[in-house]
Structure formats: C-alpha cells, structure tokens
Amino acid sequence: MRGRALAATLIFAAFAAVPPLAYWANDPYLIVIASRIVAFAIAALALDLILGYGGMVSFGHAAFVGIGAYSVAILGQAGITDLMLQLLAAIVAASAFALVTGAISLRTRGVYFIMITLAFAQMAYFFFVSLSAYGGDDGMTLSSRSTLFGSDMLRDDGIFFYVSLGLLGALFLIATRIVGSRFGRVLRGSRENALRMNAIGFSPFRYQLVAYVISGAMASVAGVVLANQTKFVSPAFMNWHVSGELIVMVVLGGVGNLIGAVFGAVVALVLQEFLGAFTDHWQLWFGLILVGVTLASRDGVGGLVRRLTGGKR
Amino acid sequence: MTNLFLLQLLNGVQLGILLFLIAAGLTLVFGIMDFVNLAHGVIYMVGAYLLVSFARMTGGYWTGLALTLPTVLILGLALELLVFRHLYDRSHLDQVLATFGLVMVVTEAVQIIWGAAPLTAAMPEALSGSIPLIGPLRYPVFRLAIIAAGLLTGLGLWYIITRTRIGMRLRAGATHRGIVSALGVDIGKLFSLIFAFGAMLAGFAGALVAPILSVDPGMGESVLILAFVVIVIGGIGSIKGAFAGALLVGIVDTLGRSFGPIVLRAVLEPAAAGQAGRVLAPMLVYILMAMVLAVRPAGLFGAKA
Amino acid sequence: MLQVEGLEASYGDSKVLHGIDLSVGDGQVVTLLGRNGMGKTTTVRTIFGLLKARAGRVVIAGTDLTNAAPHRIARAGLGLVPEGRQIFPTLDVRENLLAAARPGQWTLDRVLGLFPRLGERAGHMGNQLSGGEQQMLAIGRALMTNPRLMVLDEATEGLAPLIRDEIWDCLAALKRAGEAILVIDKNIDALMRLADRHVVIEKGRVVWTGDNAALQAAPEVRDRYLHV
Amino acid sequence: MTRKMLTILAATTCLAGPAAAQDDDTLKIGVLLTLSGPAAVLGEQARDGFQLAADEIGEIGGMTTEIIIADDEQKPDIAANKARELVERDGADIVVGPIFSNIAGAIVQPVTEGGAILISPNAGPSNLAGAECNKAFFSVSYQNDQNHEVMGAYAKGQGYDNVFLIAPNYQAGQDSLAGFKHSYDGGVAGELFTQLGQLDFSAELAQIAAMQPDAVFAFMPGGMGVNLVKQYRQAGLETIPFLSAFTVDESTLPAQQDAAVGFFSGTNWAPDLDTEKNKAFVAAFEEKFGKVPASYAAHGYDAAYLIDAAVRAAGGVGDKDALIAALEAADFDSVRGDFAFGPNHFPVQDFYLAEVVKRDDGMFATSIVEPIFEDYADTYVGDCQMD
C-alpha cells in the first residue's frame, strides 16, 4: 500500500510540474496534451473502480463521458456556463443513465455484461447522432470554456489544467476512500463470490448497482473536462472505440489499484503522441506494443515495471 | 405491400446469413475456448482484401476464392500460434487488450498493403444480374447465392458438430474442457483447429461480400459489433443460437428500417414519426439485445451464465 | 504400470500435497483412502496433469510424464472416471462414449454389453440420466479409451445401494479382465473384497500402506484415518 | 517512473520539432486532413493535390516553405488538439484542412484564435458560411449544400415529378436533402435516412424498386456510396436515373467501376473541365500518383496556388489583415477558371452536371455534361456579418 501511495504522489507531482516545464521549454502545447491525459485519467479511474474492484467489465463507459460532455454543451447553449452547475448536471444525468442501464445490465454476468453495456453505449451514441438540435453527428462547438465562480479564468490553459488536475485528485481520493470502506470490501467480496455474499445477508446486486452509478457519475466528470479541453462536443466521444481505449488504459496500468488506471491513461496517451510524432503508422506500433505487453505481463505495464524492478505487489 | 414485405424479409434473411457466417466462428471460439476475440472482424476484412487481390491476380472470382480460403486458414493458424494460444488461460481483460491491439495492427497493415481507398472485386459472370421475383420486384442472383452459401455452410457446420467425432469433442470441450483432455484428446490441437476454421469462415464471409460491398479498412469494425450482438442474443457457444440470433438481427434490422417509419406514422405525427424513426432505427438491434438479455441473461440458447 | 514418487502440489499459495508415494502394478487394484479434504482428488488431478506438480515424479509404464499435457498422460494408458462423474451434458450416451474413444478391446458393443442399461438409453442426453446411469456412463467412457489403468474417483458416491453393488460387480469384472485399477472410495468393506493393496493419506501425506490382511489387522488405522 | 515519463514527454517535444521557432522568413503551412480510417482516401487526395502544387511552386509566396502534415483520424477531439499543436507548437501561419464538416467545427476556433488562417479544401458547413462566418476562414471548395442544389435544379429542369431521396442519417445527410429540395419543387416519392456507415441497402433498394420513381437522388459519401451504387446496379434498377452528390467521384470510382457508368452527380469540377490549368494539373497528378484526381485533390491544388498568390501580394505573413485581404482577392490561376470569393469567404463559381464515364485508358472518371449554375453563390451568404 505504501508503494502505491508513493506512486500516486509521484504521478500527481509529475502532472503538477507540467505547466512550469512547458513554460520553461517554451512549449505550451504540452499543457494541452496533459489536460487531455487528465480527462482520460478521470474516466479510466472511474472504470477501474467497478472493473478492478467489482469485476464489472463495462465496455460502454464512453457513454458517460459523452453525457458529461453534452451536459456542458447543452447547458452552455442555454446560457448556463458555470462549471459547478455543469458538473452537477453531468453527475445527475450520468447517474440516472447508470441507474437504469445498470439495473438491467447487472442481471447478466461475464461476457454478457461486457456486451450489454456496449449495447447501451451504442444506443446513447446513436441517440446523440440523431439529435439535430445539438449538431447531430457534426457535434457542436462551444463558444468558450465554462466559467468558474463567474470568472472566465478557465480560458487560460494553465489554470484550466490545474482545475482539471484538482478534479482528478479529488476523485482519486474519493475513490480511494470508497475502496477502503466497508462498501468497498463488500464490493470486492461480491466480485469473488456472489453466492457467499448472498448467504451472509448482503445483496451484491444493490452494492454493484451503487458502484456502477458512482463510476458512471465519475466518468461524466471526464466528459466535462474533455468538452472544455477541446471546446467541442460530438457523439464521437461515445464511440465504442473510446470505451475500448478506456479498458486498454485500465488494463495497461494494472487492474484494481486506482493509481494504475491514471498511470495507464498517461502511458497510453503519451505513447500515442510519441509514436505519432515519428510515424504515420503509429497505430501499427501501438497495437504491437499492446499485444506485446499483454503477452509479456499478466498485470499490464504496472506489472511489467514491478517485475523488471524486482518489486513485489 | 405484402410483396414488399416478403422481399424485405428475404433481405433480412440475407443479412442474417452473412452475420451468421461471421458469428459462427466467433461463437465457437468464444463458447468453447472462453476467449474474447475482438480481432475476428479484421479477419473478415482480410478475407475480402485477399479475394480482391487474388481475383485480380488470377482473373477470376472462383480462383480467387480458392486461394483466399487456405490463405485465411493459414493466417488463422499463425495468429493462434503466435498470439492467441498464449492467452487462453488469461482473463477476458487481457484478451480484450491483446485483440484490441491486434485490430489496430491488422487495420493499419491493411492500409499499408492495399491503401486506404475502397476496393472492389468483380462479380462472377454466372452470378451477376437479377431475377424477377414478384411483380416488378427483382432480386440479385448473387444475394441468392450468398443465402445458399450461408445455408450450406450452416448445414455443414451442423453436420460436423452433431455427427462427427470432432463435433462431439467440441461440444464436450465446451462444458468439461479438462475432462476431455484427461480422456486423451489433445485439446490444444483441437483449439488451433477451431480457431483456424473460425477464421476461415470469417474470411469466407469477407470473400463473399467483396463483390457487393466496398472493401475498405473500416469494414471489419462495423460487422464485429453486430456479430457480437448476434452471438450474445443467441447464447454464447451455441451454433444454433448464432443462427437464430443472426436471422433475428438481420430481419429486425431490415424490417425496422423499412417498415418502422410506416408503423410509427400510424401512431405519431408525420414529422415526429420521421424524427423518432431516425432515432430508433439504428438503435433497434441494441434494444433487441438489451430486451433479450433482460429476459434471458444468457441469451436465447445459452447455457446458464 | 503407475509409479508416483514424492508428489507435491498446491492450489495458489497453499500446499495441498506434501509428498505422495504410491504405485500400481499391471492388473493390480489399489485403493486411495482418507477422509474428505485429505488430498485424494488432488492426487488424481496432479497425476493427470490437470494440476501442476511442484515436486516429485509421475511415471507411467516406465515413462516420466510429470507435468505432461493431460492428453499425453491419458494416452500413456490411464483412464479417468472423475469425481462428480462429469458427464458431457450436451452429448447423448452414444456420443459420450465415442467422443474420446481409442481403438482396442473395449468397443461400443462390449461396453454396452457390460452396462445394458446404457444401451437402452443410448439416445438420451447426458444430463437426462439418473445418477447411477451417469456413473456407468463415466466408467464406460473411460473404458472406451482402452486404458491399462482405470482411475475411479468416488465412483459410488451418492448412489442407491443396489446401484452401488452393480458398480462393484462391474469393477470385479474389470479386475478379472486384467485391468489395473486405482480406486478412491469410502466403502471400505467393498474395497476389501476387491483390492490388492491400500494407501491411506492424511493431510497430503501417505500415512499407511498395506494389503487387505494388514488393513484387517490394523483397526486403529481405520479408526484414526478413516473413522468408519 | 516519474523520471521516465518526463523523459518521454521531453522526447516527444524534440521529435515533434523544437517549440515554435519564430522565423519570419519561413512560411509554415499545417495540413490537417483525415489520413487514417475508412475515409483516409479523401484526405490523401487533398494532400496529394496540395503537395503537387507545393512541389511545382517550390517556395510558396516566395518564402522558404515548411509543410507539416497531420492526421485528424476523423475524430473531432483529436483534430482540435492537432490543430492547436500545429498552430501553437509548430507555429503554422496557415492551416489547410479539413475534409469533414464536423472536424471543421472542432478546429476553426483553435486555428483562428491561435492567429492562423484556416483554408478548407472540402468542408463547407452552413454555419461557417452564414451566421458563424469567420474572417480567418476560407473555403476554396464550396458550401456543402451547393452540389445538392445543382442536382435539384437538374431534376426540376428534367421535369421529374417523383424523385426518391436517400441519405445517411446525420447532419450532412439531412442538409443534403434540404439542399436538393431547395432548388427542386416537384413531388417526392420517398425520403429515406439510412444508418451512418450502412453496408447493405437491399431494404432501401427494394422500396425504390416497388415505387419506380422518375429518378433517385442520393448522397452517400465514401464506402456507403460504393455499396449503394454497386447494389443499385445489381438490383437491376439502372433504368431509373441515379442523381447524386459526393457519391460517385474519383475517390470511389476505383471501387465502383462499371457499376457507376452513366450515373450523374452535381459538381463544381471534373477532371475534364476545359481549362489550361486543369489539363496540366490532371496530367501531372495522374503522372505522379497513378490515379485520377478527385475534386478534393483539385481543391488542395487550388489552395496551394491561392496561398502562393496571396502571400506574394501581401509581402509575407507578418501583416494578417493584408494577408486576408490578399486571400479575398483570390488573384490566382484556378483549375476551375474564374474563381472569386463571396463576402463570406466561400467561392462564387460555376456548377455542372457530371456523368461517370469509362475513359479510353480504362480509368473511370466523372465528365462534365452541362453547366447548371453560373457564378453561383451559396444561400447562407446573407447571414454572414463579418467585422
């Protein structure tokens, strides 16, 4: 556990150091990349909460990201630009969607759960594709970033980055708390053995559903950040590829230890940037790396690092 | 109206048959080896690309097909040997990760080899054109051929699975993998075989559609999701389920697209019906899947989850 | 025929077998005795390569097959009648028998001759059979692989007394036919009639070995390790 | 772990070129197009057309030229970031792109607010032509609706009174049918929106067969168009005239081949458009790339010459207002002959009916049949208030 806390401190410290580094290197674009990484890290963190601790492999988490993004766009168009209100709306909308779809999805197990969550995300995707009032498939451009306490300070990339990082940090702490609580233990227990939990008087379904809703709400925060980061929303945010990429991030970083998900998002996106910088065919190399890492390690890059450095879990 | 309905039904069946060819291999690999293979769709795509190249090289569809099938089979064997074999005893997550990576690799490789522009294969002379069906409605011969090929394949699969020793072992392995091997069956070899065979079926489906659909780097992805929907509706591991699920998805999708707006117009304002139809049509198969799973969490023909 | 020396195995981090030694000669009937949870089924699983041996050797007909693939061990001459019978539910009786069959003296006709009831139910699915029928099918299924050593894990558990007797009769017939048998069961009286030698294990270790007479003469072994 | 990450970030920086070296003698042009995924062929056409012209010109605008090509992966969020990367990190003065209208929506702010000029070789969404027109945005292609309006006018001219309309169910699809109906006032046999990315049109074709309309108007870009056209022919519907926009062009014809011969499309350019410049362009393009150029390539080619002329006229890129004024003047030799921008920075140009032909060399191409509109401006120009 101490190793994890250390890793978390290091990763957050590295994040916090990006803006000064960017100014020093005279390359403000680094902040843009870092903000994007933070957005995906939030979504991956949300996914790891249910995937790593509840054994629920959701292949549709992009839907929540999309709901968060559209909360910003729709409220923004209605003149409500306050970040807090938008976050609230995103969380409420995503929770409602998670409650309904989760109640149905959690009736299934294993691969069926993977596929039914995908189905719901596809429905959400096609819903927004057909929603002409908000740009349909074209998506819509946001005229400006959200406001914070009535000020438009988020226009500044640096401030926006630190606010996003703050959100990630807060959610990380919340997730850590949840995992360490009695609720978290029940959740883990329900992953190991649903029957036994039933026998000792816990209904895993209720716990799993609550966890699913929390995770969906957290993922919607990622959407709020992403929409502000690109100043644009589109159904493409909820494409199944995005859901797949989130799983990739979680698994790359090592399932079920929260900071691993953040680390996975960093690795995946930095790797894409890095490969993209010197080859048009970065997808080929990225894919090969994914296959290679999976074959070489049972616990993602995190596991590989641990193994190479001789550390223990 | 009745004629049109029958024709659309035929269209739905044809789409379903195509989905069945792709889903059959997927459900075998999924059900018997408990393996999530996201790369199945790109194998379908590779089948189509190979056909285009081989048909051009040899100057005919049939010779192209004759070369494509063994090539995809070998490709399937190679992939099994290099990648999949090492993932059987891993979690579904690792399998998703590796095969997701493989999708990226193959898609990019296809673009490097064949370029990004859509390609096409010439239709075999004997199967081109259309025949009159009912009234002014005509039906393309090649589509009838696809239906026939799909039914024959289905029949062949049914025979192999219910009537041959290999089929018995497959079914046995689906429930008691360890016991099958402890009775002296080389389950590893059996798995390689199923995998390569499933790949060949997907490649065959790709080769079948090359003359009627555009062969482009995105073709694998769209069918992959549909194929997953099919096998989940049908119940994972069940060929019967894949067949039923494929026909169901094909028919619901086709009829929903063509008659959904008409039905909606009966209950809604025309403008609202148009809007609702546009929103609902693409969601239909996913709604179908969610409904099936809500009632039967392991699909129509699935063993209990 | 089968020699097991110092076999060790574990589930995850917990060691279950701490060194099992046993051997079965050609045509011999040997029992593996012990209370529940003492490692009998684990021993069988490890012999068959279904569980990885951490130490020790499994030698079959002179060949070291420790940790070999299960199918190689089976083909070396071992036939498994697993605990819980594990009949293939989606195959019918005939298919259950034929799926893994290998050529030899045991043919479909001969197995059906041994178990006439299976012949009557040849077209029924595995999961439509009664417990006794399933047990006969599991034995028949193993016989169809023409093994030189049958390994039966709790072959009479949960069966009605009449059916049990039928199974014991069948095993006796197999012994007469020259089959070697390694049998795990709790019904010591029946085993006494059948077996040549007994191996008693306790907490993953062999604690006693001997023939019928010795076991007869050592009631404390029964009391202490088998409490029947 | 941390040190490693920083190293990677630093390495990324180095490989992508050192941060925005301010160099006034260099003209930096970012090219942001869809170069991967199913629609990559369109981006490749535009890129090749642009590159061809750039190679011919050498020093664009008389300045040392650096061209940075980026792939938007047809994902708006990626595109927005890449646009910022081009402008903020690489210091691009001008960005040429994109192909898709939704991408245009995502990148117009990052490019123009970053102080660069965006020139679209294809996408021409209505908002950018009308209410949200932008001083620093130019479309060298068309407004999206115009090609559809061409076909509407043609259908009207033919006296059709029973046309079946089909388009994919997304924004551009809905706009296209609206555009067609803008200049067509006859009867509509049916109006169908298909799923985006749909492969199989047998259900829709059965309906068309049952209705036997005077003509079909289709908007089916990319692979969808390939499928529709081939299946249309296979269903034996070729006796019904096939009118289209962005459905049969040189990017899809290599796959449609004979199936598309005789099908019509509305366009502002075709390979056999009779201007000197165009002949030279098409010959050079076919020579270099071994394929027939599509309008995307022609627009990319024009974009390079437009930039060249404007930068020369403005005497560099230092004075943005002067550069915009020079671009507005559009004093360059276009492959389309006469070329002028309207007040909303969209072209005012001629539009034609084109037909698919098999050329003598065995290649398939569109061929001009007759002009439909002359000096035609888009319908949104009135909504544009540029300060």
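Going in written order, the chains are labelled A, B, C and D, and every chain counts its residues from 1.
Going forward, a residue touches a chain if its C-beta (ideal position, glycine included) is under 8 Å from a C-beta of that chain, and two chains touch if they have at least 3 such contacts.
Model, not experiment: these values are computed from the prediction.
Note on connectivity: the fewest steps through touching chains from chain C to chain D is 2. Among the remaining chains, C is positioned farthest from chain B, on the basis of C-alpha centroids. Two chain pairs, B-C and A-D, are compared here, and A-D has more C-beta pairs in contact (counted per touch definition above).
Once the centre of each chain is set as its mean CA position, chain B and chain C turn out to be 43 Å apart. Chain D has its Cα centroid 35 Å from the Cα centroid of chain A. Centre-to-centre, using mean CA coordinates, chain A is 52 Å away from chain C. One finds 31 Å separating the Cα centroids of chain A and chain B. Annotation for chain D: residues touching 2 or more other chains are 35-36, 169, 196.
Residue positions of chain C with contacts to 2 or more other chains are absent. The set of chain A residues that touch two or more partner chains comprises 129-130, 283. Contact annotation for chain pairs lists A-B, A-D, B-C, B-D, with touch applied as defined. Taken together, the chain A residues at the contact with chain D in this complex read 7, 10-11, 13-14, 17-18, 21, 25-30, 32-33, 36, 129-130, 132, 135-141, 226, 229-232, 234, 236-237, 263, 266, 270, 273-274, 276-278, 280, 283, 305.
Within the complex formed with chain D, the residues of chain B that make contact are 3-4, 7-8, 11-12, 14-15, 108, 111, 115-120, 122-123, 128-130, 136-140, 142-143, 209, 211-219, 222-223, 254-255, 257-258, 274, 278, 281-282. Interface residues of chain D facing chain B in the complex, by the touch rule stated above, are 35-38, 40-41, 44, 169, 191, 193-197, 199-200, 202-204, 206-207, 209-210, 212, 222-224, 226-227, 230-231, 234-236, 251-252, 254-257.
Those residues of chain B that touch chain A in the complex are listed here as 30, 36, 38, 83, 86-87, 90, 92-94, 96-98, 100-109, 111-112, 225, 228-229, 232, 236, 275, 278-279, 282-283, 286-287, 289-290, 293-294, 297-299, 302, 305.
Across the interface of their complex, chain C is touched by residues 165, 168-169, 171-172, 174-176, 178-188 of chain B.
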